[in-house]
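Think of it as A, B, C, D, E and F in the order they're written, each chain with its own count starting at 1.
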Amino acid sequence: MEVNRLLLKRIVENALSEDVGSGDLTTEIVFNKNEIAVGKFVAKEEGIIAGLPVAEQVFITLDPWINWRQLVEDGTKVSAGHTIAEINGSVQAILSGERTSLNFLQRLSAIATKTNLFVEKAAKYGVEILDTRKTTPGLRALEKYAVRVGGGINHRFGLYDAAMIKDNHIEEAGSIVKAVALLKESLPITVKIEVEVETMEQIEEALACKVDIIMLDNMPYEEMKKAVDMIDGKALVEASGKINLDTIENAAAAGVNYISVGALTHSIQSLDISLDLYKP
Amino acid sequence: MEVNRLLLKRIVENALSEDVGSGDLTTEIVFNKNEIAVGKFVAKEEGIIAGLPVAEQVFITLDPWINWRQLVEDGTKVSAGHTIAEINGSVQAILSGERTSLNFLQRLSAIATKTNLFVEKAAKYGVEILDTRKTTPGLRALEKYAVRVGGGINHRFGLYDAAMIKDNHIEEAGSIVKAVALLKESLPITVKIEVEVETMEQIEEALACKVDIIMLDNMPYEEMKKAVDMIDGKALVEASGKINLDTIENAAAAGVNYISVGALTHSIQSLDISLDLYKP
Amino acid sequence: MEVNRLLLKRIVENALSEDVGSGDLTTEIVFNKNEIAVGKFVAKEEGIIAGLPVAEQVFITLDPWINWRQLVEDGTKVSAGHTIAEINGSVQAILSGERTSLNFLQRLSAIATKTNLFVEKAAKYGVEILDTRKTTPGLRALEKYAVRVGGGINHRFGLYDAAMIKDNHIEEAGSIVKAVALLKESLPITVKIEVEVETMEQIEEALACKVDIIMLDNMPYEEMKKAVDMIDGKALVEASGKINLDTIENAAAAGVNYISVGALTHSIQSLDISLDLYKP
Amino acid sequence: MEVNRLLLKRIVENALSEDVGSGDLTTEIVFNKNEIAVGKFVAKEEGIIAGLPVAEQVFITLDPWINWRQLVEDGTKVSAGHTIAEINGSVQAILSGERTSLNFLQRLSAIATKTNLFVEKAAKYGVEILDTRKTTPGLRALEKYAVRVGGGINHRFGLYDAAMIKDNHIEEAGSIVKAVALLKESLPITVKIEVEVETMEQIEEALACKVDIIMLDNMPYEEMKKAVDMIDGKALVEASGKINLDTIENAAAAGVNYISVGALTHSIQSLDISLDLYKP
Amino acid sequence: MEVNRLLLKRIVENALSEDVGSGDLTTEIVFNKNEIAVGKFVAKEEGIIAGLPVAEQVFITLDPWINWRQLVEDGTKVSAGHTIAEINGSVQAILSGERTSLNFLQRLSAIATKTNLFVEKAAKYGVEILDTRKTTPGLRALEKYAVRVGGGINHRFGLYDAAMIKDNHIEEAGSIVKAVALLKESLPITVKIEVEVETMEQIEEALACKVDIIMLDNMPYEEMKKAVDMIDGKALVEASGKINLDTIENAAAAGVNYISVGALTHSIQSLDISLDLYKP
Amino acid sequence: MEVNRLLLKRIVENALSEDVGSGDLTTEIVFNKNEIAVGKFVAKEEGIIAGLPVAEQVFITLDPWINWRQLVEDGTKVSAGHTIAEINGSVQAILSGERTSLNFLQRLSAIATKTNLFVEKAAKYGVEILDTRKTTPGLRALEKYAVRVGGGINHRFGLYDAAMIKDNHIEEAGSIVKAVALLKESLPITVKIEVEVETMEQIEEALACKVDIIMLDNMPYEEMKKAVDMIDGKALVEASGKINLDTIENAAAAGVNYISVGALTHSIQSLDISLDLYKP
């Protein structure tokens, strides 16, 4: 599942307008409009590549005649020194698009790489990794794509495609049962209901009204295990709450179906990738 | 220097469209349109706050009648538990804007906080910290604002407001001197020229043609010192190349004027801030 | 659940640009800029009103100082002659916004009214009415809102918020089971799966892989009844296929949970509403 | 006269963003990106086809490499079972664009078909059919195009391209003569003036000041005849006021030049057209 | 007739984005955000003022709390030294909007002033001055407004609101008669037809098919007089063809109804207006 | 240095939407969609051509299949009668784009031509000509491009890419020295500082704090000479203040480096260029 073409076009045009503005002063003066070159994207450290179609879109937006050739597909784990894509065409377009394409590629590859670390640890327990809405404003579709590339599963895209009952909603409605009743009356039939719970009593309530997903919020691992037993397959179970690479196996061992990790997108170390230019 | 109002409006509308989409299913069903509440933004860990005007804009966009009160200004260092802003008004607007406002605030505060760590180390040597173009696509103006809030200085905003001669430009033009000559002939008179150099010979060349800024790219600290001596105040000197908190004092001690750090924006750990809701 | 403010603003600005263009030649010449008047929206035939907040937005966009007062809420059934809203302010704004506000109001009220006819017939059987994606391009959020106002329930908003397996998908995957397996592997966990079936065998398959919703596509009413028996509450059941006011009770009597009706939005008779002007 | 290319592009992109959003979950998961198929648009009932270039634009927007072949031109009357266009290319694009293309095609064909029913009845009397501004917000250019395809003639496109004096304007100015005088002083010279009249006195006034078009508003057919006699070719005559297929011949027989029918666009029955997929 | 509010807003936002970009570096650093001042717009030479509502919109866009007070209305002839408007509020907004507001005001006042010179000369002969489509791309609505302010009359706004038959159309259709016939068959009934003619034979043809306006293109003044006699009130007559202030009376004396002057908008001398700042 | 592709696309689409609107009534009715022709752009008076890529973009936007062939490059001085470009393709596109393309071409060529007159006079003294921010709102990038084509040099593009200290800033800060100090503390390091001065004392101050550019504002030529002597190469010197073709040599002889001329863009005489159509 790739990123929608219209969305991708709009995000890339926005990014290029931001960086190129009224023009790339240095490159447009030093290089002739008709000069061509070859550029190679090379990984400088090990990681999982994500975002190649975004990088391609950057250059196509600058020059529709550019040639782009991927040497790996998104999702490939490469080691340092690996050439991941080649570009062939106008030097002006290659240099003007360099930083923007790398900004996308390094960020998305970082997300895929980080996701994959969690995925591998959880996989041993048959548990899957979820993303959250803690994404960069404006780039959610791309970042959720990168999570998928890294082997993760997407949680809801926004406030509009799933219902998530949190403490404030419960308090307002009076109880989980009442909140769910209100939602079932008005929600589109295609929308799932998830409840964020903290206690066994809340879980019982949630099961009573047949919610689709139960999120165990910041629950101690012992209690998590009990929760999973109580739920017993009657709803999907998601563990949440600052779970990191050190603690993830505890949560996974508790038997939940999913573990969601905000840090996949809100805290990242850019993956080092460079673009090298060769004159033909 | 704040972020331009028109730009801020557009970025925030874009972020809200992404998250809220056709509507906040849960909150709009559970809460009545006219209910009000008080929300408090609380820092959950120590750091420097940045982005409060962005958070305010999120809520004003959702409901122009909302009341926003900052308890600290951007740039304040707060400790865990500190309330940084209060919001008063429609619960629907507060809950629908919660995630988007936090996504901005946590990211920008993280940048300000990280910048400040570098700034403090460099300050002892009278050296200043610069950002780079390695920012999140679409958020450059906000991220560069956060760098300023953290005590850093901005480098160029894009390809359009400064000329930066890199290896490819030098090779194309034939020499630094030739590249600078080409630029001086065509650049707007208000645009500065910076050259990225790797050797003493290149520095000599750069000084000969009176560039404004010389960037020492990945230079060993010993050599950096010699470079600073050779330049001797005839150009501003910027050190660049994966300098981190462990190595920054080496660069600073070498006597450069500025150290640029891509990681200020490309690799961040979200600062933990929460929004707590109180019914009046 | 109202229509998202940002979306509403954009749709209304688009509609006004289309109708007013470079200016309302007649009104701007004949009326003085400062003249005011009172306008009354009056239903000219019986129906359920929907779209008053949209009409309000039309006038606010033309003149932020206009006063708008609703005499009924959306969802009220009114008879011919009933005044549903009053507007007070600039004559220029009232006349320039008249046609656009009526175009919205008459269309949305028509949808709410038509929906309600189906809802009332189905209600006797405890069955609910669903809309479809057969909406007017560009107005889906408003039209789905009108369906809710008329007592209907929304189906998915687009291709992005639910999975719907149709004949082509089944054929491609090889079977319903295989298609569902593919989807469960990649879908966001918050997304429901619906399958369109035509035979009892397909229903068995769908139940085997625990889909959320089964749509009986153009099924004879006798068979529909058997299908409902076979499904026996293990999935939600939706009947579909050109069901109209004459045939709906057959489908409802078959025991399905939902009946979807494309004609709610693709074939409508505008509800007659007028705007009368009074000089103060 | 087709629909302006830039306008068409914008309307179609807007419609696709609405339906496809962040992606077509089902199709993108079940189908491979490179698979191709043939799709056939088939009329399921008799009618006049309108909107084929709009449907084409839907698919080209999703995939510029798609092949589109029209088997009939817009304006052709086809019977049930007739294949009207074929599409050849990416299955993903065909399925993702199916609903949006049909939503346009069914609506526009419905308008052309309905228009043509009126046109045929009026043609016997040498009278022509006009549309109104009672169009779907955002789709006016397309709907007016469909009216032309059905044999109708367009009335003004908006408030900006013709002056139309209604009762409120007359009351404000003091008389038709005064209103016309005000307009003639300020209107662009290329703009025609039409007056809506209800009495013979008003017609006399309108003739006295040489307006271009006189609209007989809700006039009894007997009176209409007298009005036509009085006007005697000195202005174009338009009859208006909920004229339907049963009453149109009365108005036509009265000798007016044009009959305008709001229902052409505000009340339609979608024309049934389907898209069938064939794997090659 | 003012400029449509939505259009004005869009044009001004576009202009400010262009000039202010990511921020007004000088003013935002030197001035405190809360400082206020008074600004006075003063005419530095004699002329007719146009564009005050545009200037107001510039400042309101930068700061909704600014106070704007016009001392004259658009259309007033002022002499050097006259204060035309005062602004009171944020210094940052006043200084950041200064250049953009003046760019609009000086250009629009120049157009109004130039138009008025032609209007005064033509008025003696009862002839009116028309503008053309030779306007600045993106500013047509504003420039046509300025022409009205200067006493001129607008010609068509674009290719969409009037039909203008030129030599190429005549040649293609075969004759003026044939071109008019084609147009009458398909044009909206509200659209006027104008023909550009060069000979008496063409005028005869144009009269035969009852066009609304005849444009005498680059016709010698003697011949123009004959043309007016031949037309004899059966169509409006427009003279066109590089008529300037020296030659306009010749054309006016020939008895035409209108003289169109492209130079009103394509060749202007900015009217000198300044903005002076006073600290309170 | 050409105009950024994304910017050009947006400006041209905006211009065409303005002129073509819902369609070119005359051309689309008279000409068949498939007819082709050849168009020739011919200079009708001597001047320097600028804007050919903009004209090309106009036609490509209307019809991507059009063929465009430039016979001269932007910057060529042509005499009356010279054919500067040929276009080959759809007559509808050629005629619908005629006025818009000419509006761009005539304006930009006028700017290039006017600039060149100043450039030639200044060149004798080794002085260069600068533009200002007194450009047409929305067209600054194009107009600054035309200035470069005419041999001029660009000044800053907006408030965002250079700091310019004027009287109000000096007064607010207390002195030039204080204003510069404030700026140096906060400005991006890549931004130059220019000061507008009127007296020798101010120049001394400006030199003391090492500003990059000193602008002599409306200074008598005698004093200008002294100023240049005092500055003695320690800053770039720009003369400003309604310098025209009669007075420019006085300023140039004073030894300044640059002379800025607002009239290059705020007061122009459109260069006469026509488009002639030939049927093949």
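Going forward, a residue touches a chain if its C-beta (ideal position, glycine included) is under 8 Å from a C-beta of that chain, and two chains touch if they have at least 3 such contacts.
Small disclaimer: the values here were computed from a predicted structure and weren't measured.
Of all chains, the one whose Cα centroid sits at the greatest distance from that of subunit D is B. Taking the options D-F, E-F or A-C in turn, the interface that duplicates C-E in more than half of its contact pairs by residue number is D-F.
Farthest chain from subunit E (centres taken as the mean of C-alpha atoms): A. The best fit of Cα atoms from subunit D onto subunit F calls for a rotation angle of 120°, in steps of 5.
Counting C-beta pairs in contact across B-C and across C-D gives the higher total for C-D. Per-chain CA centroids place subunit B at a distance of 44 Å from subunit E. The mean-CA centres of subunit B and subunit D are about 52 angstrom from one another, to the nearest whole unit. In whole angstrom, the spacing between the mean C-alpha positions of subunit D and subunit E is 32.
Contacts with at least two other chains are made by residues 1, 20-23, 25, 29, 141, 157, 160-162, 186-188, 191 of subunit D. Each chain pair that touches appears in this list: A-B, A-C, A-D, A-F, B-C, B-E, B-F, C-D, C-E, D-E, D-F, E-F. Across the interface of their complex, subunit A is touched by residues 13, 16-17, 20-23, 25, 28-29, 33, 61-63 of subunit D.
Remark: subunit B residues 1-7, 141, 144, 157 touch subunit E in the complex. Of all residues in subunit B, those touching subunit A in their complex are 11, 14-15, 18-27, 29-31, 35, 91, 95-96, 99-100, 102-104, 106-107, 110, 133-141, 157-166, 168-169, 171-173, 179, 182-183, 185-188, 191, 262-263, 266-270, 277, 279.
Considering their complex, residues 1, 130, 148, 153-157, 160-162, 186-192, 194, 212-213, 236, 238, 258 of subunit C touch subunit A.
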